[in-house]
Amino acid sequence: MPAPKIMTLADMAARVPDGASLALGGSFLHRGPFAFVRELIRQAKTGLEIIKQSPGYDLDILCRARCVTKARAGIVAMEGNFGLAPWYRRAVELQQIVLEEHACMTLTAGLRAAAFGVPFQPVGGVHGSDLPSLNHWASVTDPYGSGKEVWVIPAIQPDIAVIHVNEANELGDARVYGTYNWDRIMSRAAKQVFIVADTLASVQSFKDRPELTLIPSFMVQAVAVVPNGAWPGSCWPLYEVDYPAVEDYMDTTRDLGLHMACAPERLERVDA
Amino acid sequence: MPAPKIMTLADMAARVPDGASLALGGSFLHRGPFAFVRELIRQAKTGLEIIKQSPGYDLDILCRARCVTKARAGIVAMEGNFGLAPWYRRAVELQQIVLEEHACMTLTAGLRAAAFGVPFQPVGGVHGSDLPSLNHWASVTDPYGSGKEVWVIPAIQPDIAVIHVNEANELGDARVYGTYNWDRIMSRAAKQVFIVADTLASVQSFKDRPELTLIPSFMVQAVAVVPNGAWPGSCWPLYEVDYPAVEDYMDTTRDLGLHMACAPERLERVDA
Amino acid sequence: MPDGWSGFSYLVINLARFIRPDEVTFSGVNSTPPMLACLLAKRAYDFDFVYLNVAGGVQPTPSTIPISSSDPVLAEGSTAIFANEDFYDLCTRGGMDLCFLGAAQVDGLGRTNVSVIGDWHHPNVRLPGGGGGAVMLPTARRAVTWRTEHSTRTMVETLDFVTAAGGLAGVVTPIAVFVKRDGRLALQSWHPEASLDEVRQRTGFDFVATAATPTPPPSVNESAALQTLDPEGQFERDANIAPLVDRCSLPRRR
Amino acid sequence: MPDGWSGFSYLVINLARFIRPDEVTFSGVNSTPPMLACLLAKRAYDFDFVYLNVAGGVQPTPSTIPISSSDPVLAEGSTAIFANEDFYDLCTRGGMDLCFLGAAQVDGLGRTNVSVIGDWHHPNVRLPGGGGGAVMLPTARRAVTWRTEHSTRTMVETLDFVTAAGGLAGVVTPIAVFVKRDGRLALQSWHPEASLDEVRQRTGFDFVATAATPTPPPSVNESAALQTLDPEGQFERDANIAPLVDRCSLPRRR
């Protein structure tokens, strides 16, 4: 029988080597694996590469704690009314991190190439943008004679996709309510998948409605159950964004430790 | 307000012009739009192109009634213990129809190209097969220097995808229980989507669990409610394959009209 | 704003006026004004359209109006979840009629920069990045952008970086509505309390203003709909649009 | 088949023996013997493996054993539905350890024809087509095929058409098990009631038989598992495998 996949958040984060590339699920302040990201900081990881179409708090706090050296992203902001992600912005401006700037869908095309097992993936649009020359992307003329020229994106295979989900079971199956953002393609592109679940649900509940399962257990290497683990972001329909907490985080005069001390995963328990 | 989408099966089939290309949902004897296909026969359509990774009864009966002139398919069989699809086989051997032979995934790659809005789609594998030369497929060398050569499939955009689903609502949203086979990508690739639903469900039931919706209403042009419409195939979990009926169909000495006369859509009513 | 415009109402309502009957219309991340515009159009106009949003919403009926334009509440009441790959693919294959996309700078060709102020490799300001822009701007049937600041640093002759180019059909600012005509942005109308001259002064690129007129005032339905979306004026305060009369810092144009 | 093999049990059980612990294993359409092999392995062997099938099943526990190997009942008891695009992508990206794929003809290089007998453009017999073959055979880590008829018209020197080529790891017939070795099919073992000579006579391509032995008999667990899957012998009757002793029509080999 395979080894149990349910573990503590600390054990899950311990499986991330320095220098790993991580695809992070969710979008902006919504359903991000934020407890996991804070645990990376507690474990003082370095040299991480973050892959996410629309990171915000997660990439920003990792920049703040100097855990990141590279980001591949389409749009980075705190959103809500918070505007730019300050520590990320600073890290790029000071060249503390290397940015590979994408459109959300070019990053997705790279993930698709990895998920589909092909070296590159054509993507619609991009024409007229400075991004291809910036990233040395190639274009291919339609070999079927339409005359169309299409940009192709090289495969992007993250080492680990880390997805915060509403519910997982003890086998590792995972499901999400509301939009799954880009999590599906991330889970298919990455070499490994780690699941942070707000709630542990029964295996039977997954058998009752298997169509709702976003990520089947056989693709999942590790599961941690962390209630409220997307804090200070939302996890629909369980909880909304904690805007005062984000405001505190954004206060550049306030020590990061004060923010970290409020995090719900400090109360973590494994519900298995 | 948009026009009501719910209509009779006859009205739906009447919207199919002779010569149209149709992607048909389901696989072999399972959840195929078989009532719809029989209605095409009743309306004596001609020149149809059938696009389906694994057709069987649907393509076979259309060949039997001489409605088809082209098929693009990966594998064609009756399945179960019935083996080859006899009228399809005969139509190919007598060159009554043009076959574009695919692997299931090369056909899917063509549908992906259409769904993604790109002129071609790379596909894994295919190396060493005679299919590329047969179909004049092109290969592209990875422009990113891996040395990999990948086959690319031109876009395949059906005029209409016709999908038999478990449940639709009056707006046109549709959902499937169990596997959706290739129906998702068919619905995204085609210019129009027609839904044949075994059951009409409430709009509220879709709002209660929107994650289960396979095809959102705004993509759907027509809905017909046809209980048991996948007969003589299955529609999980509602009913199984009617093997005696398939056996009768396979009896080459038996008139097709006898089979058609047993079809459940002759009892059709609109449950709206 | 009983009869006239505020900068905020001007922006939101004129974005809404780009929405057409039966079209598929999309609002994305970091896009509060278009989110409000789409929700307003649903309330103010007597036609239906398909409203999709980045939260996976398909014809949603959200119970609250969120601060974040990607908040999952924006899918509430939907009969389907249309997640990110799905709405992007819809756009690239030509099924998105109207797409609202953000910009930091817009040039006279209707191209946008959301990437950087200064040199990309040595940025003065690293901006968020274009998100959907580079893919959606050229592939949506029409794309519309907006700026809460109308100035020669936002409406520019030369972009610091071309994040996205292609299909821009319109731009709305707190004082003007531009549309694409013959490959360049042309003034369609201006805030009636501003002037054509002010729009020219505050715009860094040349534009034609043939047939441009003062923007028709908000209708009763438009004003009422905005009132229901922002009863306390919180969105208007958060948008923090500079008062129209504050022209002290206006640069003289060339 | 208390202690020995029937052609049917030989086929199913020797397919099952290709399954390894913890591997991801797939059975597809039109594939009753591998479907039975996967279900048998779950019952007969004391290791776990991930069983995926074309009905979207992921570790299913079907309440009945269907006639059709793509019947949705094969997803019953699954905790997820892994539909067609998903399992094909899994295969092309290298995540499918073992894939069972059908064939009408197999050549000595382990290539398969499922397309046609005769010329493709002027067929004597139009066959079903390869389905997954051309994509899965070269991309699965290992692929295994089977034939219910072992003859010089199914195990051929020259295919009428190459439907799929690449990663074939093994072939099982009612009388023999071949594995790929040094780029060609080699005999691994033969039905103990047949003989190496019979296998050679009934095979159209040359093969090495170094170290080949009579196939070890079915274990108690294997036989018991097959019995639970086919208690009435219906699948065995449907498979209609010619009795081993019927050699009257055997062609002499070259």
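Order of writing sets the labels: A, B, C and D. Residues in every chain begin at 1.
In the analysis below, a residue touches a chain if its C-beta (ideal position, glycine included) is under 8 Å from a C-beta of that chain, and two chains touch if they have at least 3 such contacts.
It should be emphasised that the depicted structure is a prediction, and the values quoted were computed from it without experimental measurement.
Asks: Could you tell me the least number of steps, going only between chains that touch, from chain A to chain B?
Replies: Step count on the best path from chain A to chain B: 1.
Asks: Hey, what chains does chain B share as contacts with chain C?
Replies: Chains touching both chain B and chain C: A.
Asks: Based on the averaged CA atom positions, which chain is farthest from chain B?
Replies: Most remote chain from chain B, centroid-wise, comes out as C.
Asks: Given the two chain pairs A-C and A-D, which is bridged by the higher number of C-beta pairs in contact?
Replies: A-C is joined by more C-beta pairs in contact.
Asks: For chain C versus chain D, what separation do you get between their C-alpha means, in angstrom?
Replies: 59
Asks: Take the average of all CA coordinates in chain B, do the same for chain D, and state the distance between these two points in whole angstrom.
Replies: 28
Asks: Averaging only over C-alpha atoms, locate the centres of chain A and chain D and give their separation in whole Å.
Replies: Those two chain centres are 41 Å apart.
Asks: Which positions in chain D are in touch with at least two other chains?
Replies: Those would be 56, 75, 81, 91-93, 139.
Asks: For chain B, jot down the residues that touch at least 2 other chains.
Replies: 116-118, 123-124, 178, 211
Asks: Can you give me every chain pair that touches, using the contact definition above?
Replies: Every pair of chains meeting the touch criterion: A-B, A-C, A-D, B-C, B-D.
Asks: Under the touch definition given earlier, write down the residues of chain A that touch chain C in their complex.
Replies: Its residues touching chain C are 27-31, 53-54, 73-77, 79-81, 84-85, 88-89, 92-93, 99, 101-106, 108, 123-131, 134, 178-182, 184-185, 234, 236-237, 240-241, 243.
Asks: What residues on chain D touch chain B, complex-wise?
Replies: Its residues touching chain B are 29-30, 54-56, 67-73, 75, 81, 83-85, 88, 91-93, 111, 114-115, 120, 122-139, 161-166, 238.
Asks: Contact residues on chain B for chain A in the complex?
Replies: Touch residues, chain B against chain A: 113, 116-124, 138, 140, 142-144, 146, 148, 150, 152, 154, 175-178, 209, 211-212.
Asks: Show which residues of chain C lie in contact with chain B when the two form their complex.
Replies: 22, 24, 48, 50, 52, 56, 58-59, 75, 77-82, 86, 89-95, 139
Asks: For a test of understanding, state which residues of chain B touch chain C in their complex under the given definition.
Replies: Result: residues 1-2, 114-118, 169, 171, 173, 188, 203, 206-207, 210-211, 213, 215-219 of chain B touch chain C.
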